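Okay, so chain A shows up in both of these, paired with chain B first and chain C after.
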Partner chain A sequence: MSTVTLFSVSYDLSTVIARGVASVFPQPIHGWILSSDVVLGFAILFFAIILLAASMINTIMLIWWERKLLGRFMDRRGAMHVGYAGLLQNFADGFKLFRKFTVRPREADSAGFYFGPTAYMATSLIIFGVLPISTGWNGGTLPLTLLLALVIFSFAPLFIFVSAWSSNNKYSLMGGMRSAAQMIAYEVPILLAVVAVVIVAGSFDLTTIVYEQQNYWFWGPLVVALIVFVAGMLAEMERIPFDLPEAEAELVEGWNTEYGGMLFAFFMLADYLRGLVGSFLVVLLFLGGWTLPTWVPSSLTSFPLAGIVIFMVKTYLVFGLFVWVRASLPRVRTDQLLRVGWNRMIPLSLLAIFLAAVLVTVKCLPLFGCVPSPGV
Partner chain B sequence: MASEITAKEKPGENPILWVARPMATAARQFGKSLFRPSTIIYPYERLEDPKFREKVAVAPGKPIGVGQVWDNYRGVHALNISTCISCNLCAFSCPDLCIEMVTVPGGDPKHPKKCPQIDYGKCSYCGFCSDACPEGCLTMTTRYENSTSKRSEMVFSPQRMLEIYQHKLPMNPIRLARPANEDSILLEPPLCIGCNACARDCPTQCITMLDIPKPEAKPGEKVPKRIWKEPVVNDSDCVRCGTCISVCPKECLFWGTRK
Partner chain C sequence: MWINMGPQHPMTHGLWNLRVKIDGETVIDVDPEMGFLHRGIEKISEDRHYNEVITLMDRCCYVAGLAWEHLYILSAEDALHVKPPQRAEYLRVLCDEFQRIGSHIMWYAAFVQDIGLMSPFLYGMRDRDLILDLFQSYTGARLTYEYLRVGGVRSDLPPGFTARAREVLDWLDARFGEYDQLCLGSDIFRKRCDNLGILKASDCVAHGVTGPMLRSAGMKRDLRKDRPYSVYRQLDFDVAVAEGADVTARYLVRMEEMRQSVRILRQVLDWLDQNPGPVLAENLPRWLGAPYAPIGREGYLLKRNYPKGVGFSSVEEPHGEAQAYVVNEGGEHPYRVKFRSPVFANISAARQYLVGYHVADIPPIMGSVDVCVGEVDR
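== the complex of A and B ==
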């Protein structure tokens, strides 16, 4: 491979390790280990491990990023003491939660109580396997990546409901039901907004969608879809102003009242994992993914792992937008939330689909240029 | 129902403003505090640092000097032992009963000098003691750091407060004028036994025992057995601490207006 990508790095690593291991064994096993299938399999495994570690570290750094940004919005500094400018503060917090004793209420349903957070965390992690972050991404080659990611993303209300119900606390159950209602209400506009993107891009494959944005990023012509998608993502992530099922202090963490220690950390991490996924999706669908506009000189973007760096910078900026919304807006009521979801978001997303169809029909826009392929 | 519970700030206003306006406000705040937030990193930066002086002095007419927070901040006490007259007024005025008069070296061996010792575990930093001090030797500094690791370390002996005094920390200059006590110490002569307790304990030595004539014994009556002396109070030196009243065994001294 000419360019250094994350997969090429893990493939080289796998090759080196395979040679080292194979030198120990006699011939038939030696040849088998060095065969391309085994090396490729281990390369995918390393890739997955790197992806897992990177997504976890990025999630924790996202919490740091939110704390620092929110601090500046509130005229203070945020975490300052552990590490440089508090960089390691959240690792320390996570370690504290990891060491804590996990208390299960006596009346709680044991299976659901442990299954809920674990599955919530696991499904949030699985999404990273299908989101392409740069070129040559192994997971991004499925034809329906976007749909798969959204399907896994929409598992969450089920696990929230399971964990809230099995807490055997009526307030947790109410919070879980609210959470499920909110997430289901905002699934619909999100999917409709995604349909607008798919109409223009002509594919459900995220890699294709990114390459379709070579002339212009989709956020300009599809700004209505972007607004609907971001608002829906805010509700899906249960962030302010749509955090009423959780409502940190006012409802004592809402549906995860009964959880403490590492199980609470699972919820916390999964929330930010979903925040990361939401930012990824915004970048992939509307902001051109790992590409930069063509007027940027290619000498600036030819360093190793450039795609990942560009993608992560965009991701953190998008998450900064979420933090900005959190710093500005008050929490809405349940009825307002659901009314906005069903009465405003769905018509807006239908409008976005209509605009996308017009764009595909017109093919060229004065400001943005032409649709690269005519679409479906 | 639906129309009733729709939140509307002003009728006819564009709902987009409900989102746009707070976000603009937050963005403005973000831009303001991006390079210098209002908070200071306390253990590493202090309000006393000159670079924060102008920033903190928001209230006009309240200048801030180097090494102090606010001029009228009531912090740890400073005690000038040499001018303390052991009048006990600080301990009297303390609402938390955190001041105890303890013996300090350097007094008369018969009548040891007593200075206040303050338990900051009880102290509410009200400043009544420094207001009551007639000599101005017990003052409150602007030192605000008073955390300790042991409860016993919170008790500040007079010597420790003397050290704080010797550090020349800025004193709180706003010392309320003591409520003017125009009354004087008066004597009810028939009760006095001339015991000298008031003159002995007077912190300002303003009481002198003067001889009075011993009356002639009338027939049938016995001359009372007492020391034929009476206290005379020098009002200009008296600090109105009331020590003499409290030590008088016969309760013959009282507050009153001298005619």
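== the complex of A and C ==
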């Protein structure tokens, strides 16, 4: 049961297809196709395709979820017409963007103009390769998954700035600068908040962090770190109240003003991919990942793919929180945002680290109604 | 670096251009450019019958059409020596005040959108729709009403209107508290709007800035009180005033004005219930305009004998003090029509209240001015 992983599934798939294809060819080619290297290569390819499809479909469903939630918050219904309850609306929108002609301003720098959105999209997708969604979901076990995910996550300001600068538009440039300043400012508190989690869990490996939460989820003892992390993630995802790089009212559309068609769709999708990654990380670090509290009877959680279902439900609820924030808060100003980032968030995250250290050393974790895990 | 915020820009809420000179994110100079929406309404009016001009007034301001109709009608009646029946006056005030609430809700919706609040925008549009429904039930239109007439109004209220209107007023009264919760209750809102876009009362007077902007600077000036037109003298209401002269103060003034409008409307509805009567003056000259254009001798004779005159009116429009000047030289058309748009003066003073703030402050400040380009350019 536990040996079935996403990778083993794609390896089996690759083997079956290799056998089928090899049977057509005579001996030397037949043997080469069935050799372990070729089968492994195709297994990795299938693995990547499955991950890509899963993340894209989830991203698009995330947009649907946001549109429906926002609609309800705003006393309307959201998308209703394409598909049941508008489920296919975003596919229709994406197809429309796909068919559109991509306009590049004459004075824009061609290389940067195309490189920016592509790299932004690509780096956002890569993160899904390292995030464990359930047991056996990710390709291999790295000791530093969390660090790797955050490093890839923090590439974004570079690509945003490149595409903003090469658009050769004043609004784009201002949006790009704001975006870079904001993301760098909020990178620091996020990393510090993560350090608090790492101190308590004792590992940079996300799977280990989730297993450390089997007795108690970290959001209780590490509530300060959770607040810092969620606020920082809002800024990293550039969502209201921190969406000033694309503040519509003054900067038209910020750094993606000049983008249309598929390149705009790249930005849009990458934004939501990052939203999905942010929600994933909140669930993994603070909400117990794919596990449920121990008082839930295991008969309720023994259906197939239970881990993934639990994980996705949590993710969508966390993203619902982000949508709720978006529906009810106005946008802050650049200087206020940076002041909050450097003057409030960093001291708060340092406090979170301090609290985590105290919790670990004093071993007062049972105060929260749980038994300290043997790993600490 | 000069930036063109407009003519097509999310901040402008209409067709005008705000040229902004920035240093980093700080505004060091601004230069408002208007005239993109000029349609020559004053000139067109000279070739129209008196009642045909009313159609143009709806196009002057697309959120306060009835207020502009009232402005023109007052001036035209002054020039033509016509007196409307009392019930028509009350119906006009009914239009004015509903229009004021509608305009202020529209302002609220656009303003909160400018500072990034998404939901209240739709709440505002939802509530404004109720007012538009009421308008539709007695004027037949939701945007361009053409309801007022020289000498009265076009038609009386449909049966059951006052009861429906009271329901809407009750609903709105309850919503204003929610609006306040979403804005004043939010720390981010206060941080963004307090001490922002300050225009002191003396500067307001120097630049001809009127309306909620002037009252937010602590000056108690409202034409409905200071120079009462129509039946405002008989109605009981307070002038909304706030101290601070900043964006929050303008917000407070408009919110209070909506509450006062509800108060006025309740009195007007009571009066309308108790006092039936004609809504259009009798013995009006037929050549006043469409759809009864003069055909034949009789009309011309009447017109030739009609006394000349000059009409002036000033009205507290939702955006400020609007004025109209109509010259009747005895023809079937007005000889000259001239309007004073309050928003034109309010925008023209932009340098006074924008310089020194951030680029991100421009949308809330200009939002608090409540720009309606239709009447700026006419």
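As a working rule, the second predicted complex is superposed on the first by the 332 of 376 C-alpha atoms of A that agree within 3 Å, B and C clash if a C-alpha of one lies under 4 Å from a C-alpha of the other, contacts with A are read in each partner's own complex, and residues count from 1 in each chain.
By definition in this document, contacts are C-beta pairs under 8 Å (C-beta built on N, C-alpha and C of every residue); 3 or more make two chains touch, one makes a residue touch a chain.
In this text the structure is predicted, and so the values were computed from the model without any measurement.
In the superposition on chain A, A:Arg339 makes contact with chain B only, not with chain C.
Of the two partner chains, chain B is the only one touched by A:Arg72; chain C is not. Among chain B and chain C, the chain that touches a larger number of residues in chain A is C.
When the two complexes are overlaid on their common chain A, residue A:Ala327 makes contact with chain B and with chain C alike. Contacts of A:Met80 after superposition: chain B is touched, whereas chain C is not reached.
Once both structures are placed on chain A, chain A residues 73-76, 327-330, 333, 335-336 are touched by chain B and, in the other complex, by chain C.
On chain A, the positions that touch chain C within their shared complex are 70, 73-76, 170-171, 174, 240-241, 243-244, 247-252, 326-336.
Interface of chain B with chain A (complex): residues 2, 5-7, 19, 22-23, 25-27, 29-30, 32-34, 37-39, 41. Touching chain A in their complex are the following residues of chain C: 1, 3, 5, 9-11, 25, 112-119, 121-123, 126, 182, 186, 188-189, 191-192, 358-363, 367.
Partner chain B is touched in their complex by these residues of chain A: 69, 71-77, 80, 324-325, 327-330, 333, 335-336, 339.
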